[in-house]
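Both complexes below contain chain A, partnered by chain B and then by chain C.
Take a look at the complex of A and B:
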């Protein structure tokens, strides 16, 4: 019987062509949009990770209590031995220490009188020991003037502040702040380059300095405020990371307020909610897709069903039951849904693959590159995307046919039979 | 009683309309024996097709009894009615009603797919039916490639392939010219004689009426005459 149904489908173009076109178009669009959304979300995760949260972040419990204030005085002091242990224990991450602090930048004349001053937010990271943080903050791409720091005492300043304070590259300025234990802190720094952060608060007064300079300035030898872990694979799986953070905290977190606490990316900055919203949006898109396509296919199924009343009539006369005919229609729709969805997946792949390799360059829509946002957005193709698109394609086909097929049940057997003669 | 395929007693059929019920068949009393070659004749609207539908278990009577092969039509569930049709009844229609996307072979094979038969058994039965109707050279043709007469022969082969006890033929020659009509009628008569299959026609075609051994005249839903010709 299955052979018989298959032959019927493929020999009657009107029975399969329209539904297959609709399903394959829908599925291919779904693959494209989902892969684009997934790519965008991954880009957002990556941006957040490299700029702010890491894929995981280790802080002290006390620091975590006031994390929005970035209280570096509650950070780690001389924790290099612990860090070495974590590096060995979690080799899937690249680790980077950071300190964020507030300070005043003062430009003085030759007599030491202030010419201009500005409040700044300092970002301290390892600029000289390696290029991990240079890549994380895309410093090479976002530099507006000058060069990267190569020696102690050299800093980068936000390009807007640099212009506002009418500075010159090479200017030597005084940085004033407070140490981790509350004493006054002074450091002489040289402006060696400027950057565009792409984040208002930092563009109004952000500086980037080497971690060792900051440790010296803030009197935090061997210490750091935050230890960020970046996945080497760059593929973030929240469930896996949550397991890992739980295991870490069970092992290392104690009653001591300065004991380490590992946070996942989704624990920070409301990203958990964003990830949940993303999953929810994917689900809603699938349901809307099923509904819209189901309605279209219902309509098409009704038209096709009306055209096939004669066939149903003769099949009833020959001895098929209505429910058997209904089941055969469902089987037909399953075949059509499967074929349409497979074609859709192929087309979706063809549309999305080039964008996953070369991406969509968004820099043309902005004046310049920024540190926060990536210029190129890529689609992300995965087995999950294919499954999420494939299943609704079949469900829509089944739904459309199931709804259209009810017309057979509503019709009297003798009425279907009478239509044979019309 | 055992040789009666169909027994109808005090049967009426009413259809609801906006102005009350319309009585399509009134107090019908008839019986059809095995091997009959009979017909219900009458003008359009006389109730011929309604009666065939009831005998064929596609519809049921409003009142009275209709027993087909011993089964009371009104008491059959839809599954039992479908089972009766698939095993014991064959249908032939005025417009052939072949499935256009299937070949002649597949059209004739279709009723057997509903029965538990192996592929070999189906092949044997289909080829035999096509041989009876002289269609073995057309097995791969589609209905659109056949003449009207050939299409009706395929329809007869489809009705006969499972060797049913009773074939119901609703205006089977209405769309055929005289030559094809006579050819078709010859074939059905031959099948009736050789296989013992009973035929009940619904017709107002004089050519068909001339072939019938028993003619039941229906006017406005009532049997007005029931004549059997001498053999």
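Take a look at the complex of A and C:
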């Protein structure tokens, strides 16, 4: 049967050429756009995870209430034993502790008087103990001057603030802030390097300090504001992570407002909404694609029906049932849809693959943005995208034919010969 | 007869008005009661934050409304930290790093020692009468005391709190309760004074509770352990060289 239908299709160019071109063009476009969007979203997740949210984050319940204000005074104090337990229990994550704080950076003159000051946002992470955080924040790549801190008291400063305060590498400055219990906090620090973060909030006045220095400065021995977990596989599955966070919170979260609370990436910074919007957009794109292509193919089917008017008449006249003709048309469209979609997948792959390797430089568009995303966006090709593009290709073809084919049922057998005589 | 009645009523109204001081007179009386040429005091600040309660003790000196010097004596981490205000400038000295840092700009809005008071609150210079115009909103009984209820409106845009509502003890010229508002009308701070004691010719609140209404926590108690008015204070106390000594 299939052989018969395929021969029928390919022996009549007008039957297959236009539908196949339409379907393959639509499917290839869909592969390209979906892979680009998926790449963009994955980049955003990766950047947010590295900079801000981790794939999971553990904070105290009190901290979580005011999390947008980063209230380190409500963070963990001396929680190293708990952290060791979590590390053992969740080996799929790399764990990193962080503290974010506000402070004043004060440069003195030769007499010790304040010469210039800048308000800074401190970002404390483990710089000396390992290179996880150096990799997460791509510090080596974003260094503008100097080197990474190697000893206590050495800090990195945003390049913009460094220039604005007219500093020199090696300058010793005073950092002035508040300890976790509100006392005044003072620390002498040395600027050892500058960084262009590529992230407006930090470029405006960010400093990077070793975690141990920050603990001493803020009087938080063994403490931290946030404990971030990074999946070693780097592959984030929101449903799986949600299950994990629920289990963690059931086990460790108590009535105590300083008990730990695990947040998934999608619980933070409105990323859950972004992920939902992305899924919704994918679905809507598929539906719109099916609808538009369906209408185009419906029209094409109608034109084909007019052209094959005589053929259907003869087939009815020799006793073929209307529903059999209709089924054969559907089967034809299934073949055309499949072939068109396969060609579309191949073309989509050809268009998208180079971008998945070399990427598209979006840095020009991110200069004034406060969103966290990478400068180079790459398409992400996956089986899921091929399936998501392939199915609408077939569905559109079937829909178009199903609508156009209903014309067969309007043919009156009694009028066939009259029609054929004309 | 009718004229006589009107005359009696008018005389009565004048008498009542004579008894009731004007809002400006009330402000002047408060200023006279609470400010002096110099003040030396020891105090404790009990800071009730969300997580803990801690007490910071200090010795304080002031001269007029412009100069103010504080040296923290406990807890150990804060001991030796000094704060000097001269006119519009504020400096902090850290004994560990032996550095003096000037506090300015946005930093003035930060909390002092984690309390419900900001540096800006310390910076208010002038007397109430110089800073605000007052309107009498009536009288009421607050904590068993007869009080005037006044609404103060700042005379200048540079004043940190554009309006305040205060309840002033009629007999002792001490504000017992205050509400400080933002320009939007949002309540920013409340202040409750108690333990009002007689010190010489003045009435002075020995315990004041400051509450930052934008912060969680139970407020900051400011307790005056000892206070002396109009005592001689060496000028060197208010000089920057004093900070490093």
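In this text, the second predicted complex is superposed on the first by the 392 of 422 C-alpha atoms of A that agree within 3 Å, B and C clash if a C-alpha of one lies under 4 Å from a C-alpha of the other, contacts with A are read in each partner's own complex, and residues count from 1 in each chain.
One rule holds for everything that comes next: contacts are C-beta pairs under 8 Å (C-beta built on N, C-alpha and C of every residue); 3 or more make two chains touch, one makes a residue touch a chain.
Predicted, not measured: the structure shown is a model, and the values here were computed from it.
Shared-chain residue A:319: touches chain B; no touch with chain C. Applying the stated contact rule after C-alpha superposition, one finds that A:8 touches chain B and leaves chain C untouched. Residue contacts after overlaying the shared chain place A:116 against neither chain B nor chain C.
Once chain A of one complex is fitted onto chain A of the other, the partner contacts of A:186 are limited to chain C, with no touch recorded for chain B. Once the two complexes are laid over each other on the shared chain, residue contacts for A:174 go to chain C alone; chain B is not touched.
According to the touch criterion, chain A has no shared surface contacted by chain B in one complex and chain C in the other.
Chain A makes touch with chain C in their complex at residues 62, 73-74, 104, 106, 108, 112-114, 117, 119, 174, 176, 178-179, 181-184, 186-188, 219, 258. Residues of chain B that touch chain A in their complex: 49, 53, 56, 58-59, 78-79, 81-87, 89, 91, 93-95, 97, 99-102, 106, 110-111, 113-114, 158, 170. Those residues of chain C lying in contact with chain A across their complex are 47, 49-52, 54, 56, 75, 77-78, 81, 92, 94, 96-107, 110-111, 113-115.
Remark: chain A residues 1, 4, 7-8, 11-12, 310-311, 313-322, 324, 412-414, 417-418, 420-421 touch chain B in the complex.
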